[in-house]
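What follows is a set of structures to go through.
Next come two complexes built around chain A: one with chain B, the other with chain C.
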Partner chain A sequence: MTQAEIKLCSLLLQEHFGEIVEKIGVHLIRTGSQPLRVIAHDTGTSLDQVKKALCVLIQHNLVIYQVHKRGVVEYEAQCNRVLRMLRYPRYIYTAKTLYSDTGELIVEELLLNGKMTMSAVVKKVADRLTETMEDGKTMDYAEVSNTFVRLVDTHFVQRCPLVPATENSDTGPPPPAPTLVVSEKDMYLVPKLSLIGKGKRRRSSDEDATGEPKAKRPKQTTDNKEPIPDDGIYWQANLDRFHQHFRDQAIVSAVANRMDQTSSEIVRTMLRMSEVTTPSGAPFTQPLSSNEIFRSLPVGYNISKQVLDQYLTLLADDPLEFVGKSGDSGGGMYVINLHKALGSLATATLESVVQERFGSRCARIFRLVLQKKHLEQKQVEDFAMIPAKEAKDMLYKMLSENFISLQVGCL
Partner chain B sequence: MNIINSFVPRIIELCHQFPHGITDQVIQNEMHIEAQQRAVAINRLLSMGQLDLLRSNTGLLYRIKDSQNAGKMKGSDNQEKLVYQIIEDAGNKGIWSRDIRYKSNLPLTEINKILKNLESKKLIKAVKSVAASKKKVYMLYNLQPDRSVTGGAWYSDQDFESEFVEVLNQQCFKFLQTKAETARESKQNPMIQRNSSFASSHEVWKYICELGISKVELSMEDIETILNTLIYDGKVEMTIIAAKEGTVGSVDGHMKLYRAVSPIIPPTGLVRAPCGLCPVFDDCHEGGEISPSNCIYMTEWLEF
Partner chain C sequence: MAGNKGRGRAAYTFNIEAVGFSRGEKLPDVVLKPPPLFPCSLKTKDTDYKPVPLKTGESEDYVLALKQELRETVKRMPYFVETPEEKQDIERYSKRYMKVYKEEWIPDWRRLPRELMPRKKCIKGPKSKKAKDTGKGPSLTNPADVLKKIEELEKKGDGEKSDEENEEKEGSKEKSKEGDDDEEDDAAEQEEYDEEEQEEENDYINSYFEDGDDFGVDSDDNMDEATY
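Right, the complex of A and B next:
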């Protein structure tokens, strides 16, 4: 971790959780994984406070723990996960665009609390929505539940790993730290809950604790003494899914810029169909047949099957190579070439930086060297058609800022 | 001596018989003279400038010298002839004076004198090379210098015509852009739209020639180098298709098609914030003289 990253993590932890958590968190980021007592000793904080801080960090998935041999439990901070906190507003905004205010608040609650049960989320969100509605109207739990289920179906929200239910409890002393597991098929399984109720308006007389959101377990409200039906089943926001969504958006807008609106809609449809079937690191989406794509196009998009086929052929033939044809059954099988798309987007970003920072002629040289891999000074001048003196100037400027490197060949 | 004089015309006759050159062996077979006498005769012919001495892989060859050349070189001595030979061998690429020195093993002062002599006799000329502006290469007077020396269509008198190239660059791009726009607005089915937005290098070449902005005649390859710079600018993309031999503009069964395109991403986030373009990016850190909190660019940018 670089100094700048550690500093940033420190500022984030302080702003969200306060000084003590910040001290423990930064210490762990700096020193790697450590057991409880060592943390307490090195940071000079009491054991009790260290425990509380670790609770907060674990609740928010910022620290993980591992049982080492000889029964020692070590805690490790996830610096990258801390940096993701910068993206919380973007995740919340995405949920808003997809699932409107209800979705926005659900994701916000989950991000701010780390892990929550479904019933707690539904209740909290219903209350908040009721606050914003006109007098006399309330938000029904059912509506919030529906949105929650939709978020789970599209994998934006997932189940947290939990302690596996063991049948036999006499296998010796319990382990020092539980190992949490969640099975693939349970990850997005919503328990059958019947949440009935309506949001309650917060009366001005009873104020909840406002200010920094407390990351402790969801508080039991005083007027509800019934046991929570889904106790033990906690949910968290699935950040990778959001990242996948951003990736899809970037690909669609690139296609729109290069081709036209219709082509980008087709690509958007294909990506939507592959959302939950394709793992996030895969190089290609699952093959989709032209018939399937035709059926899944958004309602109201009237293009005939023939026109769709033409667009698909054009997409597959385009030098961009974002879409590939993988077979002929079902009217033609098409895949989206994710790795190629991401590579092209990355290259375009680099070129954009060079263009804005150094000017369009430098950008020409940069693209040229990028395409041809190795070039001599003279070749650069010839291909880019830039006079020798200027070309030399530009190459050395980019060399000094480490955008281009020099390789000495043998004579 | 008289005997030797009588050999000379015989040797010349033999040389005329075998214009590609004769070896010592041939002379020996024909004339049955002693080696020493043969050597004297040959030397005399060489000094009179009537024979050329060449080395082949079998030995020495004597060749009758071209009478026209023989006339030209009258009055020049052997050294000049040697230098002239070297320059002639260099063809239309020319040869640098230092290289002449290596090949002939003559001292620099001699070389310079000889070169001046030859230039004044209008047998050779000096051409400035674009690769190194101080370097002069020498070639025969009536030869056209090769493209690598003069630079071709983009150089006039050793100066790279960057304005000319810029103008051509912009014109080609405008042509392709207009073509793509008309294709888009025609609202035909997508296949036709796409195909009509392409232009072959031949089409672009014809357009530029008709525009008449170039005083130098440009070939299709020249236009293709300009179009390549547009590709490196990210404004144009190229595809190669197979074309039947004989289709206008096809080279070796291929045709290059070009199309104006727009960039796939808008200027990226990092450079839209002041930090991406900041000249003192590396010196900036919290607590230092240059820091985000006291950055004037940042303040200005945030006050939108």
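Right, the complex of A and C next:
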């Protein structure tokens, strides 16, 4: 992690969890994996506060623990995960566009609380939605459950690793920490719950939006006494799936900019078909036949099969190579070249940055160097068709801002 | 020795064309100070390269509003750990009633390392444990366990042992029993413990005398003692 990243993590933790958690979190980011005592000693914080901070951080998936030999438990910060907190509003907004207000609130609750049981989420969201509805109307648990299930089916919400059920706790001393098990096949398995109920509106006497001090409050709500049907099954937001969605959006809008609306819809359809079948890191999607694509086009789009084939051919022939043809069966097998597409997008972004900061002639030089990888001074002048003195000036400017670097070679 | 420059004529010791100047051309001005740090100006035909304006639109506005709401909401969540303020020399009566209500959060201890559970060393400890023991009769029929419990209660009763020592001595065996029992008491005891911390340090057990609910309310009405 760079110093700037660590500083950013520090600010994020402080904003979300306060100074104590920030101190512990930043310490772990800086020093790596450490046991409880060492953390308390090195940060000069009391053991109680360190424990509380670690509980909060683990709850939010920002710190993980590992049991080492001799029963020592070490805690490690997930630096990149802390940085993802910047994107929370974007995740919530994405859920809103896909699953409207209900989906938005479900994802918001999951992000705010780190992990929750399904019953807790449904109840909380139903209550919140009921607050915003007209008097007398309430949100049914069933509707919220349905949206939850849809989020799970499209992998936006996933199960947390489970505590293994042990029956042998009497035989020996139990371990200092549970070893959580990731169950791949159960990751998106929704337990059979019959959540029946409606959202409750908070009574206006309890609600105090102005933040006036409230002296007496019941310590525990009565709901804690009821047995929770899906106890122990926790859910979290699947950030990778959101990132995959952002990636797809970027590709679709790039195609729309470069070609037209219809091509982008075709690409969007292809990406949607590959959503859950293609792993997120794959270089290209599974091959899709033209027939399949035709069947999966959105209902409003009534283009004929021949037109679709023409579009596909055009996309495959485009020099940007977003779409590739991998075979001829089924009317033509097509793939989306994910890595190539992302590479092109990144390159376009870089070139745009250079153009906005240094001018279009510098951008021309930059594109050249990017394309040819290594160029000598003279070659730059010749290829870019820019007079020598100006070329040198521009190269030096970009060199001083670290956009271009020198490589000394021996002939 | 500098060596003979070409017989009285000025000549560069390297090929001048490699740097980009042809012979006889006016050399650029000598730079006397470093270029200004800011703004990073790149003037070409009087146009400064200004940054591209930020994207604005409905979705950007909504995301911005979400972010601002989020910043407010997280401060009210139970995960936001407040820094304990320093003890004030005069404890203000009003402070007790100014505490903003925050929902208590109890982690699922089954998912966490046992060392993270808070340990109590207040005087209340043995009392509450005894109450718990009578309630959990069936599980402690094992005489060995009862002995262990008594041992541990004695240790707790001392109250002088430091947190670290306690943890090392008791080890993992006791924890298994305490693990599940403590879950519900933890929150309550911690809250009460904090209150005790804030009371004066004296020899009286604070829980011995409970202030009734009417304690604060009636005091203004019965001012019999204060007549002079």
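Just so it is clear, the second predicted complex is superposed on the first by the 384 of 411 C-alpha atoms of A that agree within 3 Å, B and C clash if a C-alpha of one lies under 4 Å from a C-alpha of the other, contacts with A are read in each partner's own complex, and residues count from 1 in each chain.
Everything that follows uses one rule, which is that contacts are C-beta pairs under 8 Å (C-beta built on N, C-alpha and C of every residue); 3 or more make two chains touch, one makes a residue touch a chain.
None of these values were measured; they are calculated from a predicted model.
Comparing chain C and chain B on the residues of chain A they touch gives the larger count to C. After overlaying the two complexes on the shared chain, residue contacts for A:73 are found with chain C alone; chain B is out of touch.
Look at A:258: by the touch rule set out above, it reaches chain B but stays clear of chain C. Within the superposed three-chain model, A:65 lies in touch with chain C and out of touch with chain B [touch as defined at top]. Judged by the touch definition given at the top, the superposed model places A:368 against chain B, while chain C stays out of reach.
In the superposition on chain A, contact is made by A:397 with chain C only, not with chain B.
When the two complexes are overlaid on their common chain A, residue A:357 makes contact with chain B and with chain C alike.
By the document's definition of touching, both partners, chain B and chain C, reach A:388. Comparing the two interfaces of chain A, the one with chain B and the one with chain C have residues 356-357, 388 in common. For chain C in complex with chain A, the residues that touch the partner chain are 20-21, 40, 42, 44, 49, 51-52, 59, 62-64, 66-67, 70-71, 73-74, 77, 79-83, 97-101, 104, 107-108, 110-118, 163-164, 171-173, 175-176, 179, 188, 191. Taken together, the chain A residues at the contact with chain C in this complex read 15-21, 36-37, 47-49, 51-56, 58-60, 65, 67, 71, 73, 88-90, 92-93, 112-114, 163, 169, 173-174, 176-178, 180, 211, 213-215, 217, 219, 232, 234, 356-359, 388-389, 392, 397.
Only residues 4, 7, 250, 253-254, 257-258, 260, 262-263, 307, 310-311, 313-314, 319-320, 344-345, 348-349, 351-353, 355-357, 360, 363-365, 367-368, 371, 378, 383-388, 390 of chain A touch chain B when the two sit together in their complex.
Residues of chain B that touch chain A in their complex: 131, 154, 160, 162, 165, 169, 184, 189-191, 194, 225-226, 228-229, 232-234, 237-239, 261-268, 270-271, 276-277, 285-286.
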